[in-house]
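Paired with chain B in one complex and with chain C in the other, chain A is shared by the two complexes that follow.
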Partner chain A sequence: MKYGEMEQKLRREARALLKEGRVDIIIGFENGSLKFTTTPLITSDEADIDRLVINPFINNNLSVFLTETKGRVGIVVKGCDSRSLVSLLQDNKVTRDDVVILGIPCPGIIDLDKVEQLAGKERDEIIDISWAEASVVVAVEGERKEFPIQEVLYDNCLGCELPTPKEYDILLGEPASSIGVDNQADSLTKIKQLKDKPPEQRWSYWRNEFNRCLRCYACRNICPACFCKRCFVEESEPQWLLPVPKWQDNLIFQVTRNIHVVGRCTDCGECERACPVNIPLRSLSREMYQIADELFHYKAGMDKDIPPLMATYEITDSEDLVK
Partner chain B sequence: MSVNMNKEASTWEPRLLGFLCQWCSYAAADLAGTSRQKYPANIRIIRVPCSGRVDPLFIIRVLCLGFDGVLVSGCHPGDCHYQTGNYYTRRRMSITKKFLEYLGVEPQRVTLSWVSASEAGKLTELLSEMNKEIKKIGPNRLFADEIRRNGTETSP
Partner chain C sequence: MKKHKIKKRDLAKLLSEWSNEFTILTPSRAEGATKWTKWDGVDTTFLDWYRNTTVPPKALFLPAMEEMFSFHRDKEGYHIEAPLLDTPKQLVFGIRPCDARSLALLDMTFRDAYEDPYYLAKREGAVLVGLACTRPYDSCFCTSLGSSPDDSSHVDLLLTDIGDEFLMEAITDKGNKLLTSTSFTETAGKAAETRAKESKETAYRKVTRKINVEGVKDRLLSCFDNKDYWEKVALKCISCGICTFLCPTCYCFDINDEFIKNHGERFRNWDSCAFPLYTKMPVENPRPEKWQRLRQKVCHKYEFYPMNFDVIGCTGCGRCIRLCPVNWDITLALTNLPAKAECEQEK
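The block that comes next holds the complex of A and B.
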């Protein structure tokens, strides 16, 4: 992957956009304070443009900022982020004319935890991580280890259905091919394992997981699909949930959140990455995505001209559950 | 949390909660009463203006409160007083039910049904059926708090 070229093109385009006054703000990625991390960069200053980067660690879904920023925005999106953006367009949360979409053809984002585990080294001991053809080369002191990309990408990247944004104004590179076709199963391993268990075990699994939840709401705040001005968890009349982190309330919160974002959730995996106590939230959201697909043949964020899933109906919808 | 938790299994009767649409199912329950048909007395009914009023959150909350089963009942497709309310209900409930099933909730606990104002018989049958099904799977202990963080059992 030619990240260097894409980066140069991004900086050129972003600078031009700001200079010509076509956008007020640029939202992109810059290098994080730790090795192999990136962090969002939101700027209206041309001097900051050289800080923009594109590399295999740009895991954030920047479309979450669109509902918070004012004015016209130039935004850097990967395939999955573009789908979140499209679903915001479907919900009339964002006006298409107000955004300039800088699309990145994305071959997948590298999961640093997986790399650390495979290489058996801490992040600080790793000197460099780079892409070769179909593998990732990890350089540690004195040696180079090569791993197939399927083993180091995030789970949701393995099932990627749209590596290159469909909705964009400027595409920063050649369209990337999807590795999702062959690796769907790998991306669903955790869910498969869970589904093979009997119901009681599934329930106690989730009960244990949500025992850890702190109710920090990081999953909600990072989610581009969670855009309510007032969330039901903060209602006091009626008070649906207590703010105290009890597993019952934590579970209800997460289940309801997933029901609220069905048809908007694009399986970008941000909730799971944001979780400070590592609750496998993607196992919930990905299953919800599957359910929407099975029941209504609806994939979130693929077409900006159709109404959102839950804001419409078909007379021919399944009657299977009706008694 | 759940009611009747400590009673003998043989005397245990499930507790059901129904959200019935005021234009059809609620009237059907009324009709069942006036025409002296018997239906299980262990259902509590909440009248809603349309089955579309029922938020998936209600369903989960009801299960959390310890009810053993939930019924959402509205008008047949095409008969909605507000034209389209029940179509939205259908989408919402299919997703909710499937998702709860994935989490490990027994599918029998959540029922969606279409009952028109004249179908008192259908309603009584449906309720007896639900009662029977839920008796088979036993009381709702889903949200009971007996297992602590370290996995040991403690008395409630």
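The block that comes next holds the complex of A and C.
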């Protein structure tokens, strides 16, 4: 991967954008304070530009910040993030002229949970993770372990439908039409296993999962599609939903959230990544994504010039929505 | 105070023996996230993976949700049923020194400043068996806050890993009693103590994250109105509840009623200063912006706790750093705090 070249180009372009006054703010990634971690860098200061990085750990979907930043923004996006951005354009949450899109052709993001599992070490005890061609080499004390890339990428990356942003102003690398991993089905393994269960088992599965939800709302707050200024869970007069983390209320919160983001969710995977108690949230959102595609032939964030899914009605629309 | 040792393979027998008197709680990942759950009577494999739990042990004393009492309505009006005051005898096995310290910090609010019957009912019957750290995380910074991976200040009994055995040091009478009542331990000799000392020193060196907390209360006080600084550090915060809910010393709660068909329950549940609703009042919200809410969290630990209790309300457990979805790092926010003079000049 040519991260170094992309990074250099990003810094050049971002510096020029600020210098020439074409943007007020740059939103990108910098190295985080923990190993193999990046963190959003949101800055107006040219002096910060050299901190911008591009590497296989840039997991955040930065478009979540667009609805709260003021002024013109230069933003770094991967393919999936660009779709979230396009979806925000479709919903008139962001104006195209106010953003300069710095697109990354993304080969996928490394899932540290998977690396930990495979290497048998936790992330801060791993010495190095390096990506060479089709494999990742993980150095732990005294040995180097090599794993095929498809074993360490995030599930949603394995099923990536748009590695290179379609909507961009500046592309930071050579465009690619796929992430080069030939096992998209792996992206849906967990979901398929769940769908194969009878409804009662599936019900008890989710009951169990939502039992530990703490209602920290990280899944909602990290999600670019969850842009409501007033969320139904915070309606207190009258109260719509009990803030007490009972599994029933937790489930209603998440189901409602999923219904609200269908047609906007781009399968970026941030909800599941953010969850501190490991609830497999993507199993819900990816299924909703599938249903939107099957019923309405709609994939979120692919075309800024068409109206959002939930804002249109065609006489030919499928009526199978409610069963 | 007694100093004993026990073979690791005998641990299950010891826990079984203690379970005659106590409900044994151990770290567990059976429920999908690491947390403290009732020991199953057999499994001690948590010793292989346990570094610290995602959900801190505060949840044993201040649960994420707790029924305070129930009530019903009839022709005569509302009737409150007696509160459910559970008084369990819990033995928290393997609590880390930082988390034991967090309970001492919670005591200042729930025992000293107020007497909270729900918290105290659970807290007073609890015994804390600490386990000194051997593998601190890169997010840990306890040594900057006057503690250490082997800090025994707030546990009843401290265990230290010395290879195939644990050294067991009684710290309080409760801890001493635990060692008196068992047949699976033996008195520790000099060799065990020497090995424990080495183990503790190695762990201490592994805590590499450092912050300078000297004068931090005054520095925060003078920078309280530095909007530019707080706005800048808060930019990437997403205002979720992770760092507060999973903080071992954050104790804010909300109270809610659920009322269905003439019968209701009153719950208290965790609340977070990161949420806009937390400070929403009929006429205004004193902390409408996220930088104000984030500042509140930092100041509560490092400014208000020192003002009220003369101690910093953070243990350096690092959960807020390693669990944050955007890697917002409190140690950086404190380290980069503008100098006092700089802040005062701006006022």
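The definition used in the following text is that the second predicted complex is superposed on the first by the 311 of 323 C-alpha atoms of A that agree within 3 Å, B and C clash if a C-alpha of one lies under 4 Å from a C-alpha of the other, contacts with A are read in each partner's own complex, and residues count from 1 in each chain.
The rule is simple: a contact is a pair of C-beta atoms (placed from the backbone, for glycine too) under 8 Å apart; a residue touches a chain by one contact, two chains touch by 3 or more.
This structure is a prediction, so every number in the text was calculated from the model and none was measured.
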Partner chain in contact with A:299 - chain B first, chain C second, else both or neither: neither
Partner chain(s) touched by A:124 [first = chain B, second = chain C, both, neither]: second
Chain B versus chain C as contact partner of A:313, first or second or both or neither: first
Partner chain(s) touched by A:51 [first = chain B, second = chain C, both, neither]: neither
Touching partner for A:72 - first (chain B), second (chain C), both, neither: neither
First, second, both or neither for A:217, with chain B first and chain C second: second
Partner chain in contact with A:204 - chain B first, chain C second, else both or neither: first
Contact residues of chain A, present in both the chain B and the chain C interface: 208, 211
Complex contacts: residues of chain B adjacent to chain A: 56-57, 60-61, 64, 77-78, 84, 87-88, 90-106, 111-114, 126, 129, 142-143, 145, 147, 149, 151
Chain A - residues contacting chain B, complex: 195, 199-208, 211, 232, 240, 248, 251-252, 255-256, 258-259, 262, 287-288, 291-292, 295-296, 309-310, 313-315, 317-323
Complex interface listing, chain A residues touching chain C: 32-35, 37-42, 60, 64-65, 122, 124-125, 208-209, 211-212, 214-218, 220-222, 234, 236, 239, 242-246, 270, 273-274, 276-279
Chain A-facing residues of chain C, complex: 31-33, 35, 51, 54-55, 64-65, 135, 137-139, 235-236, 238-242, 245-246, 254, 256, 258, 267, 269-272, 275-277, 280, 321-323, 325-329, 331-332
